[in-house]
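All chains are identified by letter, namely A, B and C, in their written order; residue positions are counted from 1 within each chain.
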Amino acid sequence: MALLDENRLFPTDPALREFARNLYEGIRDLPIISPHGHTDPRWFAENEHFANPAELFVTPDHYVFRMLHSQGIPLEALGVPQADGSVTETDPRKIWQIFAENYYLFRGTPSRIWVDHALQEVFGITEHLSAKTADAIFDQIDANLKTDAFRPRALFERFNIEAISTTESAIDDLRWHKMIKNSGWAGNVITAYRPDSVIDPEFDNFAENVAIFGEMTGEDTSTWTGYLAAHRKRRADFKAHGATSSDHGHATARTEDLSPDIAATLLQKALQGTCTAEEADQFRAHMLTEMARMSLDDGLVMQIHPGSYRNHSASAFARFGRDKGFDIPTRTDYVHALKPLLDAVGRESNLTIILFTLDESSYARELAPLAGVYPALKLGPAWWFHDSAEGMRRYREMTTETAGFYNTVGFNDDTRAFCSIPARHDVARRVDCAFLATLVGTGRLTPEEAPDVAYDLSYRLAKEAYRL
Amino acid sequence: MALLDENRLFPTDPALREFARNLYEGIRDLPIISPHGHTDPRWFAENEHFANPAELFVTPDHYVFRMLHSQGIPLEALGVPQADGSVTETDPRKIWQIFAENYYLFRGTPSRIWVDHALQEVFGITEHLSAKTADAIFDQIDANLKTDAFRPRALFERFNIEAISTTESAIDDLRWHKMIKNSGWAGNVITAYRPDSVIDPEFDNFAENVAIFGEMTGEDTSTWTGYLAAHRKRRADFKAHGATSSDHGHATARTEDLSPDIAATLLQKALQGTCTAEEADQFRAHMLTEMARMSLDDGLVMQIHPGSYRNHSASAFARFGRDKGFDIPTRTDYVHALKPLLDAVGRESNLTIILFTLDESSYARELAPLAGVYPALKLGPAWWFHDSAEGMRRYREMTTETAGFYNTVGFNDDTRAFCSIPARHDVARRVDCAFLATLVGTGRLTPEEAPDVAYDLSYRLAKEAYRL
Amino acid sequence: MALLDENRLFPTDPALREFARNLYEGIRDLPIISPHGHTDPRWFAENEHFANPAELFVTPDHYVFRMLHSQGIPLEALGVPQADGSVTETDPRKIWQIFAENYYLFRGTPSRIWVDHALQEVFGITEHLSAKTADAIFDQIDANLKTDAFRPRALFERFNIEAISTTESAIDDLRWHKMIKNSGWAGNVITAYRPDSVIDPEFDNFAENVAIFGEMTGEDTSTWTGYLAAHRKRRADFKAHGATSSDHGHATARTEDLSPDIAATLLQKALQGTCTAEEADQFRAHMLTEMARMSLDDGLVMQIHPGSYRNHSASAFARFGRDKGFDIPTRTDYVHALKPLLDAVGRESNLTIILFTLDESSYARELAPLAGVYPALKLGPAWWFHDSAEGMRRYREMTTETAGFYNTVGFNDDTRAFCSIPARHDVARRVDCAFLATLVGTGRLTPEEAPDVAYDLSYRLAKEAYRL
């Protein structure tokens, strides 16, 4: 029995479906470009076996455990580690059983497609996951994971990944990337420069982070010029480990373009822990413009991922820490927020700034109009909660008419869940082919053009936008 | 001639249509669970004949008279009563004639489907309503209304209503519910606790209401502890009349979790009429958290209906009073607004808080992500202006991928228009079956799962979420 | 070879497609009512040949040059004039070549449909525009433009335009309209009253403009009563040149209803250049209410076009001036903003105020509920970035259920690009027929009603709403 419908996500109209399917067959086997994500480079450095099905599918996947929690299942029962080290469930089979019993909760969600895809295509499972099949499926996955064909590098190759970017903190020692590089393995695993911990005055241990940043670079990061020089050096280090991009996860899209004096004063206050909330926000906002200026020099593509209210539940945060499914999107303004940055560098044609959003109301109203005129701007794909069939369809419907296809940058999987990578790219390719088939079927694109666009959306645009 | 297309609201693709129709046939005759609405309990208590077609279809239905007014027809001409008792049209036949002549205005609106459904299915009308048919249809309805088969209880039974909740003020004497209870009639008509008039310092006659509240409960509601005790007692009274829920119609979703001292001080100011607008808002916001805490104790399901700018037109309000079609949705923030409440009780799995919205931009951005992680939260169905085929479709498309089906609560008709109840549930059932058929047709749900989900959305989820 | 698919923008389901096509054939040849736009009256006054293909299709069309610029092509290379008179590209063939080479950028955009429509239907082009065909197509258009059949008046007649409105500043001398009137030509080209330059204290040269305004009308515009009298006189002048509407392009939808004393004081400050930003905003806001009151007297239909952040890029504005593609939509509130105006005149049934939006999130939430109850309000069509197939579909899906069809006003092309007028109306007619076919196919409208509604949306509503 197949878990997956061969025609999934294609239009239901027979003529459109056939056209979409043909388009898809032309691009389904293109290599995967994964220019933004959160896989662990250690996997590829050490190439150890993944531990067990629960650690692969449940414990690290916030999409999965947040849904289970929403129905009253304690995070502890899913093995989510507690911040104080208190015991949580450690038996992977018990965790898997809960997942299987509650798998019906995922009906209609992208997690359902991703998990089914991984079960069928990666592990050869042919039964639907349920309380009844839980054990047998656990055993089958577990047995596979113990074989060499399921080690990280083997899966990487089997997934046909041409390039994948992880994301490291500006004060990461990049040891795993060094180890991959020195290993002689040909897999193209690169890093991306994520300086939030040394840019955000409200980040845990900001001053300490900036001091480490200074030590790592031999710069006096207690001065504004030394601090900027440290960024330049670390960006160069990251480039030496393959980085072609930086990534910025601010709460808002606010940017500023302050005078060096003011910026230097804010840095002093930030280091002394005397910033007001507004000053901290100004500093973060200004640093986006500084990062953009450095990008003009060193060519790193800049990614801005704003709009998540992180760790919304105080009790969940206190007990389980960051990234536990309690990050909630908020309304995000781009038009006013980006103006200082855009006035500084927005009309530079050698610069690429990729904007993401968690606020779909900004697609047609703000983001497509901005990316449709500023040479430096491109639109990132549908992100996070919107990385889904409906989310991608809305993205294309609300951005294409104003920004076209060529101010977008193909697909990002943005995931920690390694086995979901082929599934996620497959969803994106199918949804894009469905969209293109609809354009052709309604006379908005010629049948001759569609395969080119499908190729661009699946492969070329990501490669070119990220300079890979 | 049929007024209604048998395949209305199903997908137009023939294969999907057949699948949707089969799904629908499996659930179309399930009993109606109506857990939130505004029918008048007096109807069921006294079981008198409804007066005439205009009083049944036009005068009490703000969807209907607002549309007629938008085209310049004075509300007086539709028999909408004036606040000062001035004369308005009293001839039901004249009112009906205006409605019929202008019935084309409702093309493409849900009112058109609801009215046609009631005309055909309840009254057996076979001609489209128009200036020409107005009189004959008036006569046919009017003749029916005089018969016993069209008394409220008979219709209730014919509509196959398993349970219906009305909504009463916290200072309502519940006389009609007592009368229903004592009548021996088996119809399950329950109340819901709506305390706005004693929670909102800006409500008309707030201090007087709170004094009555004290008298009704024998508590000293001029003190904070007495005031809370009065709520507890009245909630118990409401439970004794079947209530399983409370309902809160605040202008925003703001919540607070204040210290008892501060809350007590705000209550004093509110009773003395010296609250600032901000203090009144704080008090309302805090009371949502108090209500949630009481729900943890007494098990009432909490409903929050925020985001309506009530009585937007000053002149219409002065002349005709509340609920005259001039309530306009506004942008509503949930992420920041609900945090105090959610920090207090959001991770309680024995609590159910049902959120509604009039701001569809919050579905995918805020509400589905919140309900998709907090155990206490569920999403109410598409509400008011969004209780429509397109509105329901957008609701499913924008909430399912992140919240799934099982963080939603089935359908609410939320109506004062009794004869529209079967029509509204029928629309919801059809639209949900269409949505499920589309998921199946695009490989996102198996054909075997769809009937279960259709049953859940049409019946089980409402019953379970509302503890009926 | 045809550039255009005969069935473009119709539903893909065969049965719906045929129904839509039949509907469309019933209305495709109706005359064009173009009640709001920005064509140049001088064209029709002088009736000179259009200069060349680049000046017709590229240089004046901000949709076109903004997209080209977004991919790094300098505006200078497209012949966009610089504010200081510096040289830009003057060879139309070179500009055309860039356009043709980059024509693939417009895949999936409305510009693609509009340009293809003009190329095929106006100029008889049968090859797709590309680098290869650029020269030949340039030559063919250029040759046509030199003939009498392609002069403005001839095209006007060929386009079957029954009435077109241009938009002139309140201090425009209307010379071209006078010239048209005196020419004896029968083409119905009317003006519209656009008083932004004498209403907005932050408009360039506001005080000077108001002084000219006084001279033109013989009123002392340095006094509040004289200033209002000047508006009345100029509105009458505009009416004498056919105007049936005024148009207001404010940054927000804010309105106020101030006392004459306060308004007079604000005018004094505005003339002296001492307004704060807030005072300037109050003055603009109040003037919308004054304009509405004058509309009650003189019958001009009022149009409010809020929500564009004009000239977003400081550098592009400094170099190229206004209207260069850097106008970006922003979030717009209507519910609070319009209340003062609506309290003043919103329930007047002899007044027509047409609201537009660039913020689609306001369609279902604010605009449809407002227009669905206030007699004075109507909804303008999908505007600017939303004047597109998807934009129009969303408009109908999000407004019809609450406002119906009869609180909308048909289509506006709102364009400077003369040859795109038939294309734009054709897109609107097709999309509306597709929408109506879908309603019929899903049982929400009878097959008998659909042709009437199609006629209303294509022709009657625009004519009646704009009193043409």
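To be clear about the criterion, a residue touches a chain if its C-beta (ideal position, glycine included) is under 8 Å from a C-beta of that chain, and two chains touch if they have at least 3 such contacts.
Model, not experiment: these values are computed from the prediction.
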{"item": "Cα superposition of chain B on its sequence copy chain C - rotation in ° rounded to nearest 5", "value": "120"}
{"item": "Chain copies touching (chain A, chain C) - same or different residues, decided at half shared", "value": "different"}
{"item": "Centre-of-Cα separation between chain C and chain A, whole angstrom", "value": "40"}
{"item": "Residue list for chain B, restricted to those that touch at least two other chains", "value": "13, 361"}
{"item": "In the complex, chain A residues that touch chain B", "value": "4-10, 12-13, 66-67, 69-72, 104-110, 112-113, 128, 309, 312-316, 325-326, 328-331, 358-361, 385-386, 388-391"}
{"item": "Chain B contact footprint on chain C (complex, rising order)", "value": "11, 13, 15-16, 333, 335-336, 339, 342-343, 346-347, 349, 361, 364-366, 368-375, 377, 397-398, 400-407, 438-439, 441-446, 449, 453"}
